[in-house]
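Note that chain A is present in both complexes that follow, paired respectively with chain B and with chain C.
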Partner chain A sequence: MSALFRRHGWPLGLVMLLIVAFWIVVQVVLPQLLMIDFSFRPNLLPDEMGGPKDVLTLTNYETLWANSVHFGIFVKTIVASAAVTLLTLVVCYPIAFHLAYELKGPKAARLMLVLVIPFWINEILRTFAWYIVLAYAGPLNAVLVAVGILDEPMRFLDGNGGVMVGMVYAYLLFMVFPLYNAIESLDVAQVEAARDLGATWARIHRRVVIPHAKPGIATGCIMVFMLAAGSYAVPALLGSPNSRWFTEIIYNWFFEGGNWNQGAAYAFILLLLCVGFIFAMMKTFRVSLGELTR
Partner chain B sequence: MTADVEIDHVTMRFGDFVAVRDATLTIKAGEFFSFLGPSGCGKTTLLRLVSGFMEPTEGRILIGAKDMRGIGPNKRPTAMIFQNLALFPLMSVADNIAFGLEVRGMGKAERRKRADELLDLIALSGQGDKKVSELSGGQRQRVAIARALAVQPDVLLLDEPLSALDLKLRQHMRAELRAIQKRTGVTFIYITHDQGEALAMSDRVAVMRAGEIEQVADPVTLYDRPETDFVAGFVGEINRIPGRLTAREDGTVVLETACGPLRARLTREPPAGAPLALFVRPERLVLGDGGGPNAVTATLASSSFEGANIHLVSTLADGSPFLVQVANAGVPVALHPGQNFTVSFKVEDALALPQGAAA
Partner chain C sequence: MNGAKTSPLMRAYLVLFLSYLFLPLVIMGAATFNDSRFPTVTPWVAFTTKWFDALFADGKMWDALVSSLMIGAGVVLLAVPTGIAAALVLQSVHKKARTLLYGVMVSPLLTPGVIIGISTLIFWRERFGVGGGPLLTVIAQASFISGYVMLMIAARLERFDRTLEEAALDLGATQGKVFRRITLPYLAPSLIAAAFLAFLQSFENYNTTMFVRGTDTTLTVYIASKVRTGVTPAVNALGLILIGLTILGAVVYELRRRKTSPV
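This part shows the complex of A and B:
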């Protein structure tokens, strides 16, 4: 703090401090506190607020356990998000390794640009593009039928498949970059030493590259899991009525059910879940918070 | 096990750049062989070609009479010790040493037993469970050696592994490496730019310059009978006095130099018309006129005290640098900067070589 004032002088230092304080208090902490408060109160008519019915209660939280449909969707969201995370890791690890270890320098930068360019387009538009690709009468089915892999078109968008594909694609970069950063810092001689001692590529990855990339893997997994669990656009567009996401339920409580208190409780449960996931990942990969944000 | 390494007309190109040009030599089984040269001379490339991290553009590399082309580094009977050692920081010391055995499918208990044996060998008994980062530089060095020896290679490749150590430790490790090599009988191929290291440890040394092998010889021959100007200058200190050939008789020649006629040995027939120079080591010079055919007058510029020796940095009559080394006999050298003095040397200690690129 004193360093901030010393470097910028007190007027500018004070302005910076106030801006940061405004951001944290007004934009981060207050809305969350408001939501928590909402979640512990019953959904009342305006003139009942402050009245005898306006008491703190756990009813909103109990709803999730009582409603088997909602609870099922909640569990499915967790499982599917974990699956998306794993799938993204499997897809991105070879890409990141290729970029960081085999290409390096300008070639890697060019390939990375190719990866980034699609993300200049809005997420919803990209998801719509997948909708077209995966559609019953879409190009993917046309190609698969023409080549003879399928006898007749498949309904890709029926189950969870479309949602999974869309999410893996949407969150690709959030996995590639942490992995790339982690693998890039690996000394080439480490890999060569392992190879020289007779290790196969599989063993080199298992014993040398992956242990080194652990913080990157943890960071990527946390980001993708949180984005997937909190995703709204992808399941809304690529999902079918029987592949609903927990975020859609929350949305419904807020904007269709008009029950903000119930929605706030559900949103808070989702937040707790994500925080729990972060700590579980940190424990699994034995990395500290400092290593994650590196 | 130990094996010959045959480098047969090997050329390595990177685009237009020739890193190694037509190298041919045979390293004998059980030999401690060094490649010596300045950075960028192609010695590391040659080592990587032997280890299998690169394939030569032309030529063949044979280990134990077997052509290695197409055989990857993980399948060759070689083990490499990297310049930065490349120990695995996330594994324990024992796991590092046993990594090659793990790769070969050895059981956990047996692996640990082998690692402990090797830890005894490198005088680190009982330290197998430590992290690599808890060891000192010299200890890490020894762990790297143990890790490479664990896989029982026929040929051990060492890429300047001592360069990161301080002087005392480096000298200690030289003796240790030499002892390990003698004990195991494994062929050692050692890369260094430090001529002291190469001379002290090696059975034979190949001196390289700009991708070419200048001379292959044992350390004594290399020092006393260098074949080129470059080798003479790169291996140890040497004085170089250009001259014109005026007379020759059975193995010796007379060169007319700026310091008058001087007599030197001629070990190899120089190319016709090539400009020659006389080479003499600073420590072979004796203060005063010895009455022999070779005496020169030098002017002292400065003297530096090196402990066992005193270096007299001087110039010759034509202004060219001239270094005289005299042993510290406990008597101060009574010379002042600017003073002229005479030194003499024996004909056997002077060598006439064609002038070439100096080191």
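This part shows the complex of A and C:
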């Protein structure tokens, strides 16, 4: 700490410390702690606060177990987010491999630049684009009916399918980049050696490329899962009342149910889910936190 | 050097993948010019530019734009100084403390946006009686955008030659002057890039904003609400304009980045 004052002098050093303290304490840590505290308290009227009823309780957490609709949506959100993550991995792996192993250098940089373009665009707009594509009278239905794959248009925007397609689209890049970074450092000689020894294409990927790409796979999966589980925009735009997401339930507790304590408990459950997923991935792929944020 | 030949299968996949990326955006853009009450390209009714007029005549859209610009400016003003201070403080603490501090600083980047919005909302209402609105939106957005800024500044600081500062000090410059004349100018390119990214992040934020906005409507919230309640191709016109501006910004950003970093 004294190094800071030696380097920048005390007035400037103090200003920096205060700014950082404001960020860390007031913007990041205290709000999280209060949210957790809030989630263990009953929803009280203002004049009941601090009174005999203001005690720590697990009631808000029991609600999730007791309410089968909410619990069902919670489980659905986990399963669907995991499916989105897996789907994104499968869709992105060939591209990342192509970029990092087959193209390399300036060619890869050029293609990457093209891939990045959609991701500069507002997530809401990208999702809206899918809203148009998937609409009942939209182009996808028109094409599918014209080619004869469908007899009549399908309601894509009525279920979880549309939401999942939109999510894969929205979070692709968070998978491509970590995969690319991991595969890029793969030694060509390793793959060639495997091929010379008679390994098939599938075996090379399973035994050489994928093990090498483990940190990238872990990072990409963590990012996509968290974005998917925590997404509010995509289900709100591409979903229907039949395909509600857990974040929408949380939102309703705050702005329709008016029970912030209950909402805080659900939010904390979502946070625990994400933290749990991170640790599960780190254990499965045997990577450290340092390797993840690299 | 090429690692391997590209197989026809990979080529086909690449084409498919790129269509997946760009076709929806093209369709959205094309729907702007279709004379249909609902944004679509099927059926194609007739070419029109009337949706631009409809957009420009929409007072609520302009209000939302102003709100987005002000919140974006607020986030830049808060997050950029925070990011600079954080990166410099991080450099001057001991190794153990650094790991912990770094962990806390990047944690908002790994937290779902809705949770950042919720915790900010609860904290400010309970402790200070401040409800949702533009101020809270700036505070909530900056709490994670500062993390991005910190990472960008820290990356540039890593290559900074500290002896420059020491030489200036030896030659009699005050510490304040060293910061103003040496450290800050060195950081300038990443500061501009960070400010641009911070603004863009704020502008397009939805998940966090939904919880802290109160009755304030940003442009992104406005677009989403339009899609949910009675969408017309005027939204496409807005989208097309935003896409144009974003790509322009991205190209300028990329060109600047290539000029300033030798790698």
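The definition used in the following text is that the second predicted complex is superposed on the first by the 273 of 294 C-alpha atoms of A that agree within 3 Å, B and C clash if a C-alpha of one lies under 4 Å from a C-alpha of the other, contacts with A are read in each partner's own complex, and residues count from 1 in each chain.
In the analysis below, a contact is a pair of C-beta atoms (placed from the backbone, for glycine too) under 8 Å apart; a residue touches a chain by one contact, two chains touch by 3 or more.
Fair warning: this is a prediction, and the values are worked out from it, not measured in the lab.
Asker: Which partner, chain B or chain C, is in contact with more residues of chain A?
Answerer: Counting contacted residues of chain A, the larger count belongs to C.
Asker: Give one of first, second, both or neither to describe whether A:V55 is in contact with chain B, with chain C, with both, or with none.
Answerer: neither
Asker: So, A:L271: does it touch chain B (first), chain C (second), both, or neither?
Answerer: Only chain C; A:L271 stays clear of chain B.
Asker: Have a look at where A:Q190 lands relative to chain B and chain C in the superposition and call it first, second, both or neither.
Answerer: first
Asker: Based on the superposed arrangement, let me know which partner A:T200 touches: chain B (first), chain C (second), both, or neither?
Answerer: In the superposition, A:T200 contacts chain B only.
Asker: Quick check for you: in the superposed arrangement, does A:P211 touch first (chain B), second (chain C), both or neither?
Answerer: first
Asker: From the superposed pair, tell me which chain A residues show up as contacts to chain B and also as contacts to chain C.
Answerer: Dual-contact residues (chain A): none.
Asker: If we count contacts the way the header does, which residues on chain A are in touch with chain C in the complex?
Answerer: Against chain C, the touching part of chain A is residues 1, 3-4, 7-9, 11-12, 15-17, 19-20, 22-24, 27-32, 34-35, 38, 91, 94-95, 98, 101-105, 113-118, 120-126, 128-133, 135, 137-139, 141-142, 169, 172, 188, 191, 222, 226-227, 229-233, 236-237, 247, 250-251, 254, 260, 263-264, 267, 270-271, 274, 278, 289, 293.
Asker: So in the complex, which bits of chain C are touching chain A?
Answerer: Interface residues on the chain C side: 1-6, 10, 13-14, 17-18, 20-25, 27-28, 31, 38-42, 81-82, 85-86, 88-89, 92-93, 101, 103-108, 110-116, 118-124, 126-127, 139, 142-143, 146, 165, 174-176, 178-179, 200, 203-204, 206-207, 210-211, 220, 223-224, 227-228, 231, 235-236, 239, 242-243, 246-247, 249-250, 254.
Asker: For the complex, give me every residue of chain B touching chain A.
Answerer: 51, 53, 72-75, 78-80, 82-84, 86-88, 90-91, 99-100, 102-104, 147-148, 151
Asker: Any idea which chain A residues touch chain B in the complex?
Answerer: So the residues of chain A in touch with chain B come to 187, 189-190, 192-200, 203, 207-208, 211-212.
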